[in-house]
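There are two complexes below, and they share subunit A, which is joined by subunit B in the first and by subunit C in the second.
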Partner chain A sequence: MANLISEPTPLTVLSPIKNGDDGSQTFASLTRKYLQSLDIHEKSPMAKVPNTFLCRFFVLNDVFFEGSPGKVDHLKSKYLVFCCNFHGDLNTYLREFWQNAQQEAQKIWRHCVAFEQVHDAESFIDYIKKCELNTTIYFNGSTGLPLDEQLKALYLKQEFSQFACEKQGLSAEALFEAFQEFVERTRPADLTGPTWKPGQNTL
Partner chain B sequence: MSNIAGKSYAMTVITPIPKIWAWVNLLKFWYSKNIRKKKSFGLQTLSLIHYARWVIIRPSQFPRLSSNQPKEDLHYAYMLFFSNFNGSWSQYVDSFHMAIPKGLDRIWKHNFKYPKSVPLQPFHRYILHNQIWTDHYYNAYPLASSNDVKAAIALRAALLEFIKQSENMSPEEFQKAYKAFLFYNQQHIAKMHSAPVINLADQAKVERVRLIESYEKTLRDEHGKPNF
Partner chain C sequence: MPDQHIDLNDIQGNIVKAYGRFGYPKARYIFFQFHDVEAGRNFIRDLLPLITTGRPWCKDQPPSATTNIAFTYQGLKHLGLPTKTLHSFPEEFSMGMKARADILGDDGESSPTEWDPIWHHDKYIHMFMSINAKSLEALEERYKKIQDLLKKSSGLVTQLRGHRDGQRDDLPYQEASAIFVDGKPTPTEHFGYQDGISDPYFKGSGGNPLNVVGGGKPTRGDPATLQGWEPLETGEFILGYPDETKELPIAPVPTLLSFNGTFMVYRKLHEKVKTFHDYINNVGKDFPGGPEAVAAKMAGRWRNGAPLVLFPTREEANAFAQEYEKARELAATSAKGKKRYEELRLKRTGFNFGNDLAGSRCPMGAHIRRANPRGCLEFGIKDAFATPGALDNRRRILRRGLPYGEVTNPLSDDGEHGVIFMAIGTSIERQFEFVQQQWINYGNDFKLSNQKDPLLGNHDGKDMFMIEGGSPDNPPFFCPEIPRFVTTRGGEYFFVPGLTAIRMIADNLIDPT
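== the complex of A and B ==
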């Protein structure tokens, strides 16, 4: 039942938020408000974390009542939920998370129980593992390849589709020359660039 | 708060399941995955999904990191469902209902008051009642759908091979090979554009942050102290 599934790796984290408030707002509200104020797309802090494909954060306030004859359940803590799909192994991912977005991680988890014990990458890994839930069923409808390969492929698909549209009806010589220029400009084998940026939302 | 990041929608649903059935489900899913080697419950027929997962959590499994943190005392176990898909909420829920109702029922049928995926309206109500909104959603490729990603990977591999094969061709030979390349890879060739919903979701997010900030200002005095 553990996450021993071939790539991509799923990570589900439930971190309890401290009960209480800062004098005006509960710690759960402060956490939610901070999450909602984060920049999006390429400016999201998660764009700095290597190999993150898709992820979400939310505050789980409580569970739902399904109506009679059900029993009413209430959570005694609110939880910060982090759900992520990434490439690679968990330790490497979390270490790079801390190295690239330490300040944001500290702000996101700052109101969570026992997070004050986190002071470096290793303690961050330990903390997240204590909050990790096992994935029961996982479905990969896409790919688990490293993010730089996916982004390069998307860049190339966009550029080549443009090329194929524009270069219709050329003579053999002109087409040959245009394709050489295309390969030189787009460098299909080079993952470092040109390519799309993580979270890029404009062309 | 937004469930939308580019072309992806984040759906999160939490539903109660009697504790005994949680154990049965865990066993059933383990058997299905490890013995029968069936993992997808028909989901592979829905190409609009990037990634999806189900997580069953028993009351004792809610993380408790300090003795000061109260221990959860719940009547039910809970099943969390997370999905990242392309398109709208109703397109997704309706495709589940239309394409894989049996697969879906196999996963959810022991959950308390699960109405089954057919008929549609009670299923819609069940998902809406138990859905949680996302506070921050990040997508590494907001301009791309799941099919775009798969097509891009296939096209790049084909293109790298074509470049190698066409290295020493004459322009005439190249033209012929290029046309064949386009013919065999046409299903992967298409330009991507941002969908209108991306811009609307982004505008809504900016406006929401502005409203929160302006509302907060009215609640605080000039020194930033709460004014109520």
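== the complex of A and C ==
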């Protein structure tokens, strides 16, 4: 796992989904159905997981068939794939994942092989690590700073652009006064707020 | 590809099950239009729990009624599918059946202008639904459930009228049923032929493995045995799996929309029983064996189902048919009976035309030889192709459907009776349209120049059909001036999505980017 200072930490997890069905739908279909029912952006359950930069869940049906004369290979089961970038180390990230979104994790992974053995943060960390794939190339859309710093920066950038637009042409005194008001309102050093919400992706 | 890689829970049941043969002799075909995107999505979301999947029934108690749905191009457009997705569908599907009339030979009395009123409007039909049932009561019960769901749309989804039954031309659905004799359903259609005997058998279909005989693709082994056949590739019939070219079939995007789906052709085919009987009776006066032999030569099977290749005389065919029927009844009661029945079943399907290259038993232009050449297009040239089915393995179609109407007056062609014919495959153009254009309404691939299928061809009264014969005591015979026995009364092309895809359409989750 690549983990360099000032870069986000990537994670790729492939968890085998149980073969078989619940009497009408396969466990893979049920997993996909649940994933597709999840909200995205601010309402995503992953917005509750601290320091998540971006993430994606999907169901991998099989290896891609590349046509003749290739050998036809198949996976032994379908997989739940979880990819994400986050800030910090893996143990902390997964521990906070469990602490903040335990119910969602249990629903997402409930049809995966052996997930019934996961009952606390430590066993969740063990499980994910067993399913982890080495990630060497990934989409890097972030600086790697803690999420609250990045959200605050995005918020400030948005607000300052607005400020610059509105206040252009003012005298130096008026501009200084307006800027003081701006600093008081936006509190640049305060990471707790005002700021963007986790999961927010547009202004 | 091992069977476990096909998710039969996600595939609609009509693709892998010919319901008529599974004890569902009653059917109703219903067509809908969406007037509002959300109402359409809500309706199909409500229908989802009723949709019958391909899950093997040995695992569960079979339902008393089944339900399946499919969409036209216009239907998918009215359900709000993205433009990129719509553009990824094959051209013949987006054009629809009426626009393909020239290719299909739907001319003269088969022209779309002559079809039932429901087919007259453009961009009109959006969704197809089939209900198959064990009994009329079960059919009505399921139909009522559908009506209740339809009411929830407050008129924003409508059931289209315009089917004819001989009395009226504004019926709200197309009724179909096996023909009953003495209270029991039979596998025959209105001309009296046993129908649907050999259906393609493909990998993962979950059907009886014995159905590979005659239903699979030919090897060079003995066609009477399992060694003579192999299952066809899944991708010939279900999207998302390799086909006979060892490639994935061309399919609409995104993959999850097409995965486990397929295409379906629906056709209402009127059968002119008086014309048929008059013709075989007249020609039969001059043909050795009489009318029954003429009927057999046209089809390639005796009307009782016995193939001409294995049963060249009527006496042999009748003796076999009697034994077969007896065995079929005994099959349910004893293991020995079942074994005998399965042996006899193979005699209806376990053959090719390798020992009849000149057509002296089964004419080259007979219906079954055209519709499923069984690897005979090598014409006896040893190893002409890498595999004997090289020219026909990609032209196979799953046939579904049932007869409709009753023949109340055999002395008239009028009235409403025929066959609701459905063809399923991953490419309407390559499979159904090719067979219809090149093999039913043309004869060059069989060295028969422009001769047509004697039974299904769009004849104009000038065509002839050659019964080759092949020996001094079995001379060639020409059936002259063949009239059109079967006319088209309606039809359309449909996309049959898998269960996941239906749910995603209902939830507006189709995203091709």
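Note that in this section the second predicted complex is superposed on the first by the 186 of 203 C-alpha atoms of A that agree within 3 Å, B and C clash if a C-alpha of one lies under 4 Å from a C-alpha of the other, contacts with A are read in each partner's own complex, and residues count from 1 in each chain.
We take it that a residue touches a chain if its C-beta (ideal position, glycine included) is under 8 Å from a C-beta of that chain, and two chains touch if they have at least 3 such contacts.
Small disclaimer: the values here were computed from a predicted structure and weren't measured.
J.: Now for A:21: first (subunit B), second (subunit C), both, or neither, which partner does it touch?
T.: second
J.: Just to be sure I read the superposition right, which of the two partners does A:190 touch: subunit B = first, subunit C = second, or both, or neither?
T.: neither
J.: Check the residue A:36 against both partner chains and state whether it touches subunit B (first), subunit C (second), both, or neither.
T.: Both partners.
J.: Considering only the touch criterion stated at the top, classify A:181 as touching first (subunit B), second (subunit C), both, or neither.
T.: Touch partners of A:181: none, neither subunit B nor subunit C.
J.: Compare subunit B and subunit C by how many residues of subunit A each one touches, and report the one with more.
T.: So, of the two partners, B touches more residues of subunit A.
J.: Give one of first, second, both or neither to describe whether A:67 is in contact with subunit B, with subunit C, with both, or with none.
T.: Touch partners of A:67: subunit B and subunit C.
J.: Quick check on the superposed pair: does A:122 touch subunit B, subunit C, both, or neither? Answer first, second, both or neither.
T.: So A:122 meets neither subunit B nor subunit C here.
J.: After the superposition on A, what does A:89 contact: first (subunit B), second (subunit C), both or neither?
T.: It touches nothing on subunit B or subunit C.
J.: Touching A:150 in the superposition: subunit B (first), subunit C (second), both, neither?
T.: Only subunit B is touched by A:150; subunit C is not.
J.: Across the two complexes, what residues of subunit A are contacted by subunit B and by subunit C?
T.: Of subunit A, residues 19, 23-24, 32-33, 36, 67, 72 contact subunit B in one complex and subunit C in the other.
J.: Would you pull the subunit C residues touching subunit A in the complex into a rising list?
T.: Touch list, subunit C to subunit A: 1-2, 4-5, 7, 9-10, 53, 55, 60, 242, 245-248, 259, 499-500, 503-504, 507, 509.
J.: Taking the complex as given, what residues does subunit A use to touch subunit C?
T.: It comes out as residues 19, 21, 23-26, 28-29, 32-33, 36, 61-62, 65, 67-69, 72, 74.
J.: Which residues, counting only subunit A, touch subunit B once they are in their complex?
T.: Per the stated touch rule, the residues are 1, 8, 10, 12, 14-16, 19, 23-24, 32-33, 35-38, 40-41, 44, 46-47, 52-60, 63-64, 66-67, 70-73, 75-77, 79, 81, 83, 85, 113-114, 130-131, 133-143, 145, 147, 149-154, 156-158, 160-162, 164-165, 172-173, 175-176, 179, 183, 188-189, 196, 198-203.
J.: Report the residues of subunit B in contact with subunit A in the complex, numbered from low to high.
T.: Going by the criterion above, the answer is residues 1-2, 5-6, 8, 10, 12, 14-16, 25-26, 29-30, 33, 39-41, 43-44, 46-57, 61-66, 68-76, 78-80, 82, 84, 107, 112-113, 129-130, 132-144, 146, 148-153, 155-156, 159-160, 163, 171-172, 174-175, 178, 182, 188-194, 198, 202, 205, 208-209, 212, 226.
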